[in-house]
Amino acid sequence: MGASHNLRSSKIILWGIPLDETTSFRRGTYLGPERIRQCSYGLETYSPVFERDLSEVKFFDAGDISLPRGKLEQSLKNIEKFAYSFLKRNFKLLSLGGEHLISLPLIKAASSVFPELRVIHLDAHADLRGKYLGNELSHASVMRRVCEFLKPSNLYQFGIRSGLKEEFDFGKKNTRFYPFSLEKVDKVIDELSPKPVYLSIDIDVIDPAFAPGTGTPEPNGITPKELFNFLEKIKSLNLIAVDVVEVSPPNDTSDITSLLGAKIVREILFLL
Amino acid sequence: MGASHNLRSSKIILWGIPLDETTSFRRGTYLGPERIRQCSYGLETYSPVFERDLSEVKFFDAGDISLPRGKLEQSLKNIEKFAYSFLKRNFKLLSLGGEHLISLPLIKAASSVFPELRVIHLDAHADLRGKYLGNELSHASVMRRVCEFLKPSNLYQFGIRSGLKEEFDFGKKNTRFYPFSLEKVDKVIDELSPKPVYLSIDIDVIDPAFAPGTGTPEPNGITPKELFNFLEKIKSLNLIAVDVVEVSPPNDTSDITSLLGAKIVREILFLL
Amino acid sequence: MGASHNLRSSKIILWGIPLDETTSFRRGTYLGPERIRQCSYGLETYSPVFERDLSEVKFFDAGDISLPRGKLEQSLKNIEKFAYSFLKRNFKLLSLGGEHLISLPLIKAASSVFPELRVIHLDAHADLRGKYLGNELSHASVMRRVCEFLKPSNLYQFGIRSGLKEEFDFGKKNTRFYPFSLEKVDKVIDELSPKPVYLSIDIDVIDPAFAPGTGTPEPNGITPKELFNFLEKIKSLNLIAVDVVEVSPPNDTSDITSLLGAKIVREILFLL
Amino acid sequence: MGASHNLRSSKIILWGIPLDETTSFRRGTYLGPERIRQCSYGLETYSPVFERDLSEVKFFDAGDISLPRGKLEQSLKNIEKFAYSFLKRNFKLLSLGGEHLISLPLIKAASSVFPELRVIHLDAHADLRGKYLGNELSHASVMRRVCEFLKPSNLYQFGIRSGLKEEFDFGKKNTRFYPFSLEKVDKVIDELSPKPVYLSIDIDVIDPAFAPGTGTPEPNGITPKELFNFLEKIKSLNLIAVDVVEVSPPNDTSDITSLLGAKIVREILFLL
Amino acid sequence: MGASHNLRSSKIILWGIPLDETTSFRRGTYLGPERIRQCSYGLETYSPVFERDLSEVKFFDAGDISLPRGKLEQSLKNIEKFAYSFLKRNFKLLSLGGEHLISLPLIKAASSVFPELRVIHLDAHADLRGKYLGNELSHASVMRRVCEFLKPSNLYQFGIRSGLKEEFDFGKKNTRFYPFSLEKVDKVIDELSPKPVYLSIDIDVIDPAFAPGTGTPEPNGITPKELFNFLEKIKSLNLIAVDVVEVSPPNDTSDITSLLGAKIVREILFLL
Amino acid sequence: MGASHNLRSSKIILWGIPLDETTSFRRGTYLGPERIRQCSYGLETYSPVFERDLSEVKFFDAGDISLPRGKLEQSLKNIEKFAYSFLKRNFKLLSLGGEHLISLPLIKAASSVFPELRVIHLDAHADLRGKYLGNELSHASVMRRVCEFLKPSNLYQFGIRSGLKEEFDFGKKNTRFYPFSLEKVDKVIDELSPKPVYLSIDIDVIDPAFAPGTGTPEPNGITPKELFNFLEKIKSLNLIAVDVVEVSPPNDTSDITSLLGAKIVREILFLL
C-alpha cells in the first residue's frame, strides 16, 4: 500500500485475516490479503476524490494473523481477542478477509468496546441463515449470528439480492433491510451520525463483471461507481472499524478484483 | 438447479442441446448446459424479485439430448421431433444451448403446434444472413431461416448491435426491429399479450464484461440489469417455450457467464 | 480488419507499434496490435451506428513497425520519422500500441506538420509525471513530455481518475483538464472544430471489467457505451491522427479487451 | 469410472475424502475426488497390462464423505469410523483424497482391524515432522503420527526426496526407508507377502511434469512408468486398503494429474 | 515454418485439415494447424540431427482446407479428393490435423495411388472400434475403417496402450500389433523398405507431460526422445505421406504440444 | 529461500537481474527472480543429496537490481560493475535471470577478476549467432559475444540441441562443444579442476515438460534428473559464479518451472 508507519504513531491498524474454512462453492479467499497488498503497487497513493494522499494517513500494516488450520472456533477466538485489544486502545481497525465469517468475532469485539455500535453490511447475500450445511458457524449465517448479540435493528443491510425466503423474511422483519441497491443510505445517515459504526463490505455486493474473483459471485450486482459514491456519502460517520472480505484471487486471472479491493481499502483509509 | 420433479407431475421440461457445429470464431457452447447446471449450485432457489421459490415450480430436467456428431441436418431433425412431441403434450420447454442454430428446429416445432406464434429474439447479432461461410444452416443465419416459415412481422428483435448492412436492411424492412437496447418492449407488450410467445435469448446480447464466455462477444452490449428488467416486464405474456443459447464456458475462466445463465434460467422458470 | 487497399489509393495508414519498454506493473502491450487484428475477424465490417461499411473506407494496413529492442530513444526516433513522412504526404494515421509512450513521437510528428494541433487525451491516468522510476521517458510521463513542445492549453484531457497530487495540480493549472468522465467534451467541440486534432485513447480509460487486458487497470472507469457516445460526438472534428494504446492481451484470457479495441478501431476508421 | 455395482455384491468400496484443511502452499485437493471421477470418462475400462476389464471388478462408489468444515478432529474421527465399519465387514477400501492427513484415520482404522498391518508409503516428502506450523495434525507430519500407533519398522517408505534433516534421520533410524526411487521394493516383497498391507500414494511422488496438479510439487521425481511398474510388482501382496491423495486440480489446467490419478485408481482396482 | 516455395518447384505439400467433428472428451484440434505454424517461429530451420536446413527442402504450404461444418461425410470426401489429386501428381503429402479421423480419407487416397501401401500408426489408442458412440465414423474407429480397404496385416501399430478388450484382440489377431513402445520397429524395417509407406502420428502416443494439449490424453506414454529416435530409424523408408494429428492447443496453456508438433513436422520434412 | 545472513559474514551473494529486453518469442523472464523466491517457500532447506541444510550456508540475498528500462547498454554496464565489485572482494555470485544476455556482463566481470576463467554453458540453444534480428546484443548471441573476450576453447557447451548451421559449425570448430546431453562432462572434469569456473544454466536446457515456463522452449531436452546428476559430478570444481536464466513464470500456470529453478538454486548454494 506504499505506506507503513510505526505502531505507536499510528491511529489505524491494517491487517489480513486469511480465514477460508467454511467457503462452500469455490475457495481461495485465504489468498486475498496478500494479493490486495501486491495489487496496491499498481495504484497511486493519492485519491483525487478525497484530494488527500496516503502519506497523510497514519496507519500500520500488522501483516496477516496466523490461524490454526482446522480449528475454526479457536481461530475466531484469536481474531476477537486481537481485535478487542486494539479497539480498546483506541486504534481503528481495517481488516482484509478471508471469508465473511471473520466479521463475527470482529463485530463481537467492536460491540464489546462500543455498546452503542451500529453495523452497516454491504453484500449480495443476506447471510442470515440459521444454519448452513449443518453448521451454525458459516459465511452464510454470519449476520444471523451477529443478531444474537447485536440488536437486529442496529444492523443496516444494503445491496442484498440473494437469499432464502426465510432470510428475506427475517431481514424485512428484524434488521434495517434495504435490498438490491445502496441508494437508501441517505435515509439513515442522520440517525447513524452520532453512533460508532462498523462497516462490513463483502466484495460480492459488486457485480461479477467487476469482481469475478470471489467465492460465490451473484449476477446482477451494483457497480464500483455506486460503491464509491456510497463511501463518499458516509464520510461524516464515525467509523471505528471496517472489513473488506471474500476477495478470492484464484478465480480472477486478470486480478481486477484485487485491484478493486485495493482501491476500496485506500479510500477507506481516508474515511477512518 | 436444485429441483427435479418427475415428468408426469411437471409442467415444464428443461433440457440441454449441446450442438456446437457451425460456430465460427471460437467453439465451446457444447459445454454450456453442463456448466450452467453446475453453476446453479452457487445460486439460491429463491427469487427475491418474483418472491417465489423453485420448489413451487414443477419442472423436469430431461438431461442433454444426444446428437450424432458431424450430421447437422439429422441433429436438427431430432431436436425438432423431441420439441414437437413435448409441446404437443402441453409441456412448456426451456432449452439450454449449444449454439444459436438450435432455435431453428425449436421454433419450427413451436410454430407447428402454435400457428399464432410470436418470437422474441434478444441478441447482439441480427442472425439474418442469407448464407454464412457458404452454409445456409448457421448460427449467423438462424433468424433468416426462421423467416422462411414464420411471417417476419411476427419476429420481434431486440438489442441487435451487429450485422451486415443487408441484415439491418432486411430487419428494418421485414421484422419488428428494435436495435441497440431492450427498451422498446413496452411498445409491443399489448399486441403480444394474447399470443403464444417463443423467447430466444442469445447470451451475447449482454455486454462481454458480464458475459465473456460466448462464441462471438460483441462489445458495447446491454447490462444484466436491463435483461432482468426486461424479464419482469414480459411476465404477463404467454410464454410457451424459451431458449438460452451461446454460453461457451471455456472462454470464461471465472464462470460468471454460466452463473449469469443459471440465474436467467431460474427467473425464466418463474415466468413459464 | 477485413479490408486492405493498396497504399496509393488509400487515405489512411493503419499500423502497429509494439513498443513495450517502460511498462511498470505488468507487460504485454507488445502483443496488442497482433491480437487486435486477429479479433477483428470476430466483428462485422459494417457499423450500424455510422451506417457505413469498412469497404467504403480506403485504408492501408502497413503491419507492425520493427523496433530495435533495448534502444528506446532510437525506437522513438524511428516512430517519429515514419509518422512525419506519412502525415506530410497527407495520410491520416491510425496507430495501435504498444505502450502509451508511443504517443510522444507521434504527437511530435503531428505538431511539426500541423502547428495548430490540438490533442485530445482519454486515459485513467494523468500521465503528467516529471519522472517515473527515474526515467523522463515513460508511459507515466508521456503527456508531461508532450507539454514541453505543445502549449499545455492545447491538450484536452478527459476521464483521468488517477495520478499523483502534483499531476492533478499541474493538470488543473495548465491543461484543459476534465477528470472522471467524458461528458465535458460538449463544452469544447466548438473551439476544436476548426483545428487539426490528434486523439490518443489509452484503453484503461475504460473500466477494468470491460478492459481487463491492460498494463495498469484502474478501477471505477467509464463504460464502452460512454466512449462510443464520445466518438459519435466528435465526428465533426478534423481528426488527423489517432492512437489506441495499452491493450495487453496476456492479462485477458477472454480477449474482450482486444475485441473492444478492434471495435474502437473500426469506428475510428469511419471518423478519419 | 464407468462401473458401479450395488453395495451388497461388491467387495471394494471407492469413496472420496475431500479434506483440505492443513495444506500450506496451495490448496485445491478438496476438488480431487470429483475431478478424478470426471476424468475417468476419458479412459477405457480395460487394462491392457492386467488384461482385465473393470466390468469384472465388483466395486461400489460411495461418493464423497461430507465433513464438518473447520472441525479437523471431528472430521478425522468420522473418517476413521466409516473406514473401520467397512474394513470390519471385509470390504476393501480405496480412498481418494483430499490431503495426505486423511491417511492417519484410515491407517488407524486398518491397524485396528488388522493388527499385523504393514504400510507402504509412496511420497516425495517424508511426512515425518514432529509438528508443522505449530500443528501436530498436518499433511507434513502424518506418517510421524502413524508411527505413534504402528511400529515404525512396519512402515515402508519409497521415493522420498524431500524433508528436514530430522525427518531423514528419523526415517533412516526407525522406518523401512528407501528414498529417491521405488526400485528397492523387490527387497521387501517376500517379507510383506503374508501380511495385510495398506498402500498410501501421495501423487507428488511423481515428477511435477507428469503431476503438476498437487499442493507441494517437488522437482526431480519418479515417472508414471516407474509407478505402474511398481504396481505390477506388488500384485501378489494382500492389499486391504489403498489411498491416492494430494491431487489438486486447480493447479493443472490440462487435467493431466487427474487423468493420471484416474488411471492409477483403475489399476489399483485390479490389484484389490 | 519459415519456408515456402512455389507449388511447381515443390516436391512436398504441407496442409492443415482442421476437422474437429467427432472428438468426444474435449475439443480443440481444429486450432491445431494454425498454432503449429505459429509455434514454428520459435524453432530454428536447421536440424542438428539430420544436419540439414529447411531451406534445402522444397515444400509448399497450401494453408488449411475449408470444410463444410456439420457435414462429416462431405468433408471426408473433399479431403480424399484433394489428397488423391496431389499424390497422383507425385507430390508427397504432410497433413496437420485436426482429429484422427482425417487419416481415413488420406489413407484411402494413398492406397488408391499406391496399391502396395503399408501404414505405420503411432498412437496411445488402438482406434480399432467397430463403432464409437453409435457412429462408424469416429476418431476412435479410424484404423478399423482403414482395415476395411487395407489388408490388416499391412497396418503396423506401435505404442498403443489403451483400448477395449476387443480392440486389443482384433489388433493381436489381425494387424501388426506392437503395443506399449516403439522399440519393435527394428524388426520390420527390412520388410517395409521396398514398400510405399504412410505414417500416421497421433500426438497422444507421447506422454501427457510432454503433450498435454490433445483431446484424450492417456497417461504413461512414450517420450519425445523415443519418437525422434524412431524417426531417425525409419529414414531409409519410402514415405509417401505423413499426418500429425490430435494437437489441441486450448488444453495446453504453455504451447509445448504445438511446439513439439512443429519440431516433429520439421524433422519429417527432412524424411520426405 | 528461507535464509539470509548479513552481508559481512556471507561468502555468497544471491541477486536477481530482471532484464527482459531482447526476448523474441514470448516475454516474462523479468518476473523470474521474484517467482523463484516465492516458490522457494514450497521447498525444504535441507538437501538429502548433499546432506546439508541451507542454514549452514552463509549467503546474502541482495534483492533485484534496478535497471533503466529501454537502455540496454547502460543496464549491461551496471550489471558488470556490480558483479565486478563483489567478485573482486571475494564474494561468490549466484545470479537469477532475467534473459540470457545477462551472462555477457557477468562473465565479462568474472574474466576480469579471474583471467584463467573457464565457462560451462548448459542450454538448448547454441547462442552463438553473429547477430539476431539485427542486434549484436541478444539472448541468441550471448555466447558469441563472450567468445570475443574469452578464448572460445575455454567455453564448454553442453546440451545444445538447436541453432543455425553456422552456430553448430562455429561451436564444433571453436568451443568445447558437447551437444544433445550432459554426459560428456566426465571427460573434462580433470582439466577444469584447477581453474576458476563460471557456470551458466539456461533453464531451457531442460525438456519443456519439466520447464514449460521459459521464453523459447525447445522440445526433446534433458531431464531434471540429468541436470542434478551433472551438479553432483561437478561438485569438486572451483565455481566462482553461477547464473540461472530464462525462467519465465507467465508461461507456466502450475509454477513447476520456478519450483525447479528454486531447487537448482538450492543445490548450487551447496556447490558454491
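So that you can tell them apart, the chains are marked A, B, C, D, E and F in the order they are listed, and the count of residues begins at 1 in each.
Assume a contact is a pair of C-beta atoms (placed from the backbone, for glycine too) under 8 Å apart; a residue touches a chain by one contact, two chains touch by 3 or more.
Just so it is clear, the model here is predicted, and its values are computed rather than measured.
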Any chain touching chain D and chain F at once appears in the list E
Relative to chain F, the most remote chain by C-alpha centroid is chain B
Across the interface between the identical copies chain B and chain E, with over half of residue numbers shared counting as same and under half as different, the residues used are same
So the chain most remote from chain E by C-alpha centre is A
Per the C-alpha centroid definition, the whole-Å distance linking chain E and chain F comes out as 38
The distance between the C-alpha centres of chain B and chain F, rounded to whole Å, is 57
Multi-chain touching residues of chain E, meaning two or more other chains, are 207, 209-210, 253
A full list of chain pairs that touch reads A-B, A-C, A-D, B-C, B-E, C-F, D-E, D-F, E-F
Listed in rising order, the residues of chain E that touch chain D in the complex are 25-26, 160-165, 168, 179-180, 207-210, 212-213, 216-220, 251-253
Listed in rising order, the residues of chain E that touch chain B in the complex are 20-22, 27-28, 30, 68-73, 75, 133-135, 137-138, 250
Given the complex, residues on chain B that touch chain A span 41-44, 46, 48, 51, 53, 207, 209-210, 224-225, 228, 253-256, 259-260, 263
